[in-house]
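Shared chain: chain A. Partners: chain B in the first complex, chain C in the second.
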Partner chain A sequence: MAAARPALIALLLSAALLAGVETRAQNVAGPAFVVIVNRSNPVDNLTFSELRRIFMLDTQTWPHGRKITVVLREKGQPDRTDAIRIICGLSERDYERHILFRTFQGSVNIGPRSIQSAAAMVRFVFSAPGAIGYVKTDELDSSVKTLRIDGLLPDDAGYPLRRALRGRAEGDW
Partner chain B sequence: MAALLMMAGARGVRAQVPETHDQAMPPNRPELVLHAFGSVDWSASQRKDTPNTFALGQLALFMTSAINDRVSVLAEVVLEASGVNTQVTTDLERLQLTYRLNDYLNVSAGRYHTGIGYYNAAFHHGSYFEIPIGRPRIFAFEDEGGVLPVHEVGVSVRGKVPKTGSALSYVAEVGNGRRWVDLGGEELDQNQAKSTNLGLALRPEAWKGVEVGGSFYRDDIPVTVDQSLAQRITAAYAVYRTPSTEIMAEWLQLTQQTQSGVSFVNHGGYAQASRAFGKLRPYYRYDRLAIATDTPLIGSTGSSQAHLLGVRVDPAEWVGLKAQYERRREQGVEPFNAVHVQLVFVF
Partner chain C sequence: MRRIQSFTRSATFALLAAATLTVLALGWVVARDLRRSADAAGQLYERFGEGLDIIDDILFETGEVRRILLYALHTTDANRQLDYVDQSRSAEGRVRQLLDSRSPILSTARTRAARESVAAAWTDYLQTRDEVVGLILEGSLTEAVSLDERIGAARFNRVRSAIADLKASFEADAAVQVEAEHARASRATGRLGLIVLSALLLVAVGVVLVNRRASLEVGLRVKTEFLTTMSHELRTPLTGVIGITDLLQAGAIPPAQRDLVRMLRTNATTLLALVNNVLDYSRIDAGLMRLSPRRFPIHAPVEEALDSVSEAAARKGLALGYVIEGPVPDLMADEDRVRQVLLNLLSNAVKYTERGEIAIRVRATMEAHGTAAVAIAVRDTGIGIREDLQPRLFQWFSQVGPAATPQAGGTGLGLAISDRLSRLLGGSITVESRVGTGSTFTFVFRGTAAAPGEGPDPAQLDGARVSVMVDPGIVGDQLFSLLRGWKVEVVACDAASGPAGDVDAIVVDAEASAGALRAALLRNRPAWKVGHVPVLTIASLRSSGGLAIAPHESILTTPVRLQALHDALRSAIAPAVPAGDGAAAPQRCLAPLSVLVVEDNEPNRRVIRLMLTELGLNSDEAAGGHDAIDAAARRAYDVILMDLQMPDLDGLEATRRIRARESVHRARIVALTANVLESDETRCRAAGMNGYLQKPLTLDALSAALRSVPFMS
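Coming up: the complex of A and B.
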């Protein structure tokens, strides 16, 4: 019994360490979101703050004057909740309340579009000159343009839209 | 109203956010977004002349549509049920046609909530987004004894100030002003003078959720056929709003000056705070209105002061339940306690 105790402690420690390793591995290896726009869009780079303002619908026109259409994945999909959390720092529910609040104020007339798949999102952005969306790196194709965020692309160190990168606590901007 | 609902049905009403676009192609025709904001209330008071009662709150039908990339329309129709029978009164509270050139210039024409201070432009007739039950007394609607021109018919220009990193925004409005006295005639405005309102708001990028701002409103109000009253309303506010925390404080000065030069200066404002702990959200509001009884047009409103303490819980998405205790002191009335419960919802 006495010999079993160190073994149990070792087992628990190992499990804890493994869990830690696994968590760190997720943080490092998580896939990144790529922000995509129509190929006719002259914008090449956005700061993270500018990206956030676009997805919060605080900014609604591109610098060249075209209306911005924000495109998200459908409600409840992980690629929607993760994008909202990483870009806006909000839960999906708080985000929807924010959009409806801004709509009710009259600041927004049509909220973000919801698209059922990554392929459909790419097709939509390809077809809509003012659209901005996002896909994972392995879902990207050459029909759309990739934006740099803070001057960085998904393969660069410090890229801010890495999926496993936890955003600020939900509800605290 | 039936026509509006039929139109909505014909175009296929869609929820604001969870819209599916199967063909992954941009729409080639205007889409209508329709929401309804409703409430059911119960209140009880120590005042002997006020029995405890259930009541239907306002049902606000809100619709908006983007006609094209630059032009959109917004309408808010409020239905109010009579307390004693099934009669319904209908008010067109907002109707705006907006042209959006860019983020720096949005021009709206129609009926809108005046950009006086913060609360009036942020919160409209649906009470779902308000944390406490009821508006601050200073921002009460005109038909509920309010002292402000809450609504206007005219032109409103809004936008961000260029070169400020989206931190500074402005509003400039020209309207008819409030029709305080009926001097006859069908016109909405009863004199040549138009009301004007100018406001500025600062939202620093580094301090998410913080907004400070102010506004200045002026109008000449005809009180008789040949007499008018100069009205000036100055507002200042500071707000911190995130999904979990809300701290808001606002103070207004209302000045009215007769043609003979006599001035009446009155004040009103509120401070409120709330913080979400999971689904529970306790809140507090201090509400103050100080109106001298000899003030023209609004003197009968008198002064009032209230402490509101309550809790809001959102048991389901788009449903909120609020329970509120009030300690209210009104001019000419013994201080009294009251309790309110309100169920709010959006669909």
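Coming up: the complex of A and C.
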């Protein structure tokens, strides 16, 4: 019994250390992607899978009938790569192959629009009623609408577009 | 006239000042209006230009909104499309800013409505524009072009049309404002014209007033010269009349004719006084009256004034007299003016008093710096003056109440002149009067107290006992006052029992108790044991002629003169003592003096020659200035009596020429003039004269002048 006591203490300490590691990991997590749409868009919430189908161009029309325009950052930009990886689970190259394939299939008229900056992304979404894009939380302004993903906002625990960022330093994506 | 002149001058200055102030004030108003109008016009044009610029900017930026947007249709690059969209939105923002401008150009009702139309058209277009933008950005270029052509272009044209309307409205509004500003400027110009006319009118009024004032001044000068000349012309014959009466009085004429001569002289003197009044009025009115102070005892002008009215008073049976209450020093003042005022007051008193007496009472009050204020009260027992009429007494040409009757006569100048003279003498005239009781005019003047000159020696009568038989009244008061002043013991005298004790003389008023007192005295002299006592009877000049002179009785005419009473008493009490140098005694000790009389008027020349003869002097005559120069060149005269105004050469110039020719001997040249302006004396002395005699010439004045010649014996 006496010999078990040190083991118990070690277990508790390990747990405590693990808990401390967990806390630090959350603290260093970068900003999440925020999905934005035009303020005229009646949609407020998407499930993560709905979001993925939109970005994969499987879904091309909003429930109210407006054509969906997916907006991405320009090729080679980290925000484009990461967004494709997080939302679509693909590398940028695979994503482009997928888009090209759907275009050849004739099921897509216009592919995702490429925008050079986060600010341009916001302005684009602001001006295009059917657009959907993404920015980091600190690039957001009130000219566009933020969509809940799985009912969660970026500050909420379990926000899906943050999980993929855990362990990264800020500005490191 | 001086009041009018002063008023006119004041009114002229006031009007000119008012004109100046008015022009300045109106000018300021006009300048302000014109400045405001100019400012408003400047602001209007500035606003107009600014407004047109703004509208043009709106039009340009509006075109930019669509033009740039259409560029986005020519590219598939989202970033470039976004740039175009952004530029289009920037242009739209500028349009919105211009339309929302608070510039006054868009604030009027007309432009505000037009601007709202522009805004509404913009709203419609921007709705389409946003849809087009969305289609472009979403890659639906065909749909975007379709939408723009189908709806956007039309709405955009409506925007342009609305902007054109806005511009037209603004221009119309500006035109209205320009018109209003022109109207305002016209009104200001009209006011300017009005002001110029007003200024011209006021200047014209000022010029008229200045001319009027100049006319008044010229008129005043002409009037003064006229009056002076006329008075000279009137005084010249009066000189002859009064001189002749003096000669007649000095000669041996029957007593019955003596009164006639005296009346003649009185009337001439009255006429002369009237002339003098008119002359005084003109001199006072023109501000030319000057004073000539000299030393005199106060009783002198009082007695002379009383003497002047004695004849008129005697005709009415009025008692005349004066009392000097308390010490009154000799005075340095203008004696002639004092006498003139007194004479006027006495003349009025005699004129308006039918019975009773006229009494003068004199008091003096010493003031600072050796000045004495002398108050002379002239009280009568006449008809009196209503209280409401009294304020008008001293106005020019004013005759009040019963005085304003034909019988009263007069010019209405006397009291006004007296009032002005009293003020010149540093005093005033006040009046207290009750109707039916009488009036008291109190004349106050001021003079410098001087040491007493020659006068009666009180010691000569000191201790004498004199009985006085008079009725209560001013004559008795005067006698008692004088006698007590000389320390004469006044012994009571009862009409029934005579003097109480021995007396040196008895003074009786012939008019007292209607002559009963004198009659009782003369009747009872033996009984009263005063048969040898000298009796001095006081009687008016008029009544004295009818008196039967009793033994040891002598007559003293009223008004009683201080010197005459003193001399008479001294003669009566001590007949061995020679009487003093009574003025009545002709001066016949002036020979030998060589006298030249220079006078162009023959009667006057004759009168002067007769007067000189009366004084024991022979004389030569010259009828003009040139004759005088020739005569003076032929003979060294002791005295030259020189008339000033002569037709060929006036007295001043003749004197200058005589003086220029004189070497060692210098004649005493005395001017004869009826021009009694004070400036004449200065001019005479400047010409080389030694003095002047005022016409009408009197024997006494001529005698005094000749006696003052230094080398006379």
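The criterion applied here is as follows: the second predicted complex is superposed on the first by the 134 of 173 C-alpha atoms of A that agree within 3 Å, B and C clash if a C-alpha of one lies under 4 Å from a C-alpha of the other, contacts with A are read in each partner's own complex, and residues count from 1 in each chain.
Please note the rule applied: a contact is a pair of C-beta atoms (placed from the backbone, for glycine too) under 8 Å apart; a residue touches a chain by one contact, two chains touch by 3 or more.
The structure presented is a predicted model; accordingly, all values stated were derived computationally and were not measured.
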| item | value |
| --- | --- |
| Which of chain B and chain C A:L100 touches, first, second, both or neither | first |
| Comparison of chain B and chain C by chain A residues contacted | B |
| Partner chain(s) touched by A:R123 [first = chain B, second = chain C, both, neither] | both |
| First, second, both or neither for A:E139, with chain B first and chain C second | neither |
| Chain B versus chain C as contact partner of A:K75, first or second or both or neither | first |
| Which of chain B and chain C A:K67 touches, first, second, both or neither | both |
| First (chain B), second (chain C), both or neither touched by A:I110 | both |
| Shared chain A contacts, counted only where both chain B and chain C touch the same residue | 67, 69, 74, 109-110, 113-116, 120, 123-124, 127-128, 130-131 |
| Residue ranges of chain A touching chain B (in the complex, touch as defined) | 49, 53, 58-61, 65-67, 69, 72, 74-75, 90-91, 93-101, 103-106, 109-116, 119-121, 123-124, 127-128, 130-131, 170-173 |
| Residues of chain C touching chain A in the complex | 78-79, 82, 85-86, 89, 130-131, 133-134, 137-140 |
| Contact footprint of chain C on chain A as seen in their complex | 38, 67, 69, 71, 74, 109-110, 113-116, 120, 123-124, 127-131 |
| Of all residues in chain B, those that touch chain A in their complex | 16-22, 24-26, 31, 33, 35, 37, 62, 64-66, 69-70, 72, 74, 94, 96, 98, 100-103, 108, 112, 121-122, 124, 126, 129, 166, 205, 208-209, 242-245, 276, 317, 346 |
